[in-house]
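I have a structure here, written as structure tokens, and I will follow up with some questions on it.
When the chains are written out, they are named A, B and C in that same order, and each has its own residue count from 1.
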């Protein structure tokens, strides 16, 4: 097994781990970390699979760099929202009640 | 300079970025004007592009003169241009609407103009991108802008909805990125044009296609992956709801369509297409029934989006492995549905927003008297509802006609039943609102007037949704360019 | 000539554009609104008069606009279309006058007249539709435009009736749509042509074509109020009188009946329909509707509801005529489209006058009303006699041709249906006439809104329309043999239909 393929397999594992975390982690911080692991897995597959010829391919490197920038931006937004949510509701978790947005006939007037 | 030599493609991405930045620097009051001017220019550019397309065929542009694989290629074919037209046609009235809206309700105004500029830039970029990775970048930019807009009011419900939305959209694009990595690892290219000739059914490519399509289903909120949509679309500021429901989910649908009937066509299996159709059918019924049960107007409209997304996915069983003529009709019907729903849903949210402002409550049972005080908004809501029901002569009817033809031509009558039944369910929830608004006023003068532009923009959008039905042939002609 | 092809859309637009403007008019702009209404109505009449002359001289007025590749919006002013267009435009003119008087001072008049104009737009569209695709577009538009008129008063009763109305008509529309598209997938394009176009498909598709026929007839049968699809019509009587008069006596139910005429004659072709064996079951349904409607009418005390059940019954004469194979039956059915419209609108105008002037809503309140409102009651009596089929009124002409047509088609039992139905007509109309003229007034009128001034029993805008239409009901019967009478025109249509 080539080193590249090994990286790719590890990347696949990280992706799966991140996916599981994103779904199962109850705390938002945990979900955000899980997303980062998921993203890293994808990057690893991108770089790893592309190295079959022995010489590194510059294109995926450029892609991963771009991807990292995107992931950082997404993480920053996620953290900002988490803080705001924690400030408003006192806990860094998603509230259960409005997930299904129940048809509560006695709900308060919104706008 | 001759008009033929103007290249609108890069400007369609740069222009919204420019006004987004400017409006961020200048603040919301002047930002609104800048945005509206920018969107007017954009509408002109898209019309120019559409004209170039009909006279000269598919348009290409290599950004910075580099070209693939290192540079970025922009390509506009019929499908792209129809999507760009849809974006311009929705974004401009919504901006005019938003300008008046944020005067009445200033929460989130400062964020709205820059973020909606990024949103429009990302949409245009996505529709013009010719490679899988550039699509990923625009998809992420789109998702982040949309999440930011959702949270813009800063209220607890909105922030929670935005967070849920963010996680869903990140998961969707993560799956997509994984698919891109697998495709690049297999074929060494991300160019749609190059991949088109290469793709064959290898397990790894199947996995990649599965991940990418699944990611798009999550982002388009196809049942049962719709959990994030109603709180986000129902909880955001109304102009934001309009943009999200009308445009943002269409981007991921566009991508699913592009991939399924483009690069991944050799892999497209009839069984998988039937599954997508079944999910679509479930979405139509689930979304409609939920819409019927909602107590709040904006949640009703949001669940209507869940239902309408279902129709979009009927394209897959109707156009996969079916005779060419029926498949072409279904495909055109699917794209028309995306456009018709964009116009109608933007109109519906806009009208709903005006009605809620006037009634001072977003509860449906408190809408009494709106019909007398805000007839234009209610009329716009009704017109938009007629588009969603698929009644003639609207864009929704053209859609339903094409899809029904394809369903009966290919003997798949069960999809015909979904189309017809879904239309009746839509009628049930739309008329529920109209009935409530027609109800006599309990207290005199409870409903107040709203800014005229709030009502007129809703009406204009709804009228566009109706006229789309009468001129659907033009859209179909445009769609055929480069298809 | 390019102008000729633009005339059909102009006829459609002549009510659509005023309607659109009226919708956005401020409530208080009474004069402008009235002007717009009348200018639209008169323009339409003039355009139609020109086209009638042209159609008589075999001139074609066809407009085409491609909506989807392969699907055109076609407006074709053929002889049959002109019959219905003329009927709706003339009656629209009278009803507009009537509505202006009737709604004087009522709220939401801009909304009312806006949708009212849209209804007429849809009706002339239904009339001139050149294929099933176009027919469906206007047919559904009619549903949508009439709904706000049914719920116009906003009372819980009106809202409930509106819901029922929608449930029936939208459901019918959905069935119709499936039938139409199924037919398109079989036959390619389905234009309305004389003698029908489906015979070419032959007997290979006979079973499918029978199913499609069922879907199409069920779809249009909802609006035509065929039993058992008639449940919406009596409920919809909560609408204001002009709406009941024009829409539920003429536009909506006629759109359904007209659809049946088009499907049988110009889609299937009456000969092919006979071969398929679908006409006889339809004639049973029509006969059942005729008798059931009359029986139910007998039991109603509410005047408008009695008239509504009478409509259910009378509209099916048209359907019955269509099923009688042969030109004479065709003449009887199609001419009743016009005759029933004129007579029934008169009755509804009169019912509206009683309600608006004296607050009379029930038959049992009508004792002695003939002396208080002689003109209205005279018009009512004339129209009621016409409905029963007394010569020389319009209804007699229809029934005469229907009877002859039944004999020609070898369906003698239809004569029995006609006779029984005429007896029932007499049984529910004559007591009203008797009460009005011969019984003494029993106490105060329920609610006398409009006091008699000298010899004028009510507002003149309320009085003139029924008097004119009642006179017309007499005239089309008396002068049935004259050129350009409805009968003459229908005979022209029948000749063209059965021409080899």
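The rule is simple: a residue touches a chain if its C-beta (ideal position, glycine included) is under 8 Å from a C-beta of that chain, and two chains touch if they have at least 3 such contacts.
Note that the structure is a prediction, hence the values are computed from the model and not measured.
Enquirer: Going by C-alpha centroids, which chain is farthest from subunit A? Tell me that one.
Expert: Following the centroid criterion, the farthest chain would be C.
Enquirer: If you average the Cα atoms of each chain, whose average lands nearest the overall Cα average?
Expert: So the chain nearest the centre of the shown protein is B.
Enquirer: As a quick test, compute the distance in whole Å between the mean CA positions of subunit A and subunit B.
Expert: 24
Enquirer: Could you state the distance in Å from the CA-based centre of subunit B to that of subunit C?
Expert: Roughly 42 Å separates the two chain centres.
Enquirer: Roughly how far is subunit A from subunit C, going centre to centre by Cα mean, in whole Å?
Expert: The separation of the two C-alpha centroids amounts to 64 Å.
Enquirer: Across the complex, what residues on subunit B touch subunit A?
Expert: For subunit B paired with subunit A, touching residues are 69-70, 105, 133, 136-137, 140-141, 143-144, 147-148, 151, 154-157, 159-164, 166-167, 170-171, 174, 177-178, 180-182, 184-186, 188, 190, 227, 230-231, 234-235, 290, 293-296, 299, 356, 360-363, 366.
Enquirer: Quick one: which bits of subunit C touch subunit B in the complex? Just the residue numbers, please.
Expert: Those in contact with subunit B are residues 23-24, 65-69, 71, 73, 107-108, 111, 133, 136-138, 140-141, 143-144, 151, 154, 159, 162-163, 166, 170-171, 173-174, 177-178, 181-182, 184-185.
Enquirer: Which subunit B residues qualify as touching subunit C in the complex?
Expert: Answer in residue numbers: 371-372, 375-376, 379, 386, 389, 391-393, 397-398, 400-402, 404-405, 408-409, 416, 420, 423-424, 427, 431, 435, 438-440, 469-473, 476-477.
Enquirer: Name, in rising order, each residue of subunit A that touches subunit B in their complex.
Expert: Touching subunit B: residues 8, 11, 15, 18-19, 22, 28, 31, 35, 38-39, 41-43, 45-46, 48-50, 57-60, 62-63, 66-67, 70, 73-74, 77-78, 81-82, 84-85, 88-89, 94-95, 98-101, 103-105, 107, 109-111 of subunit A.
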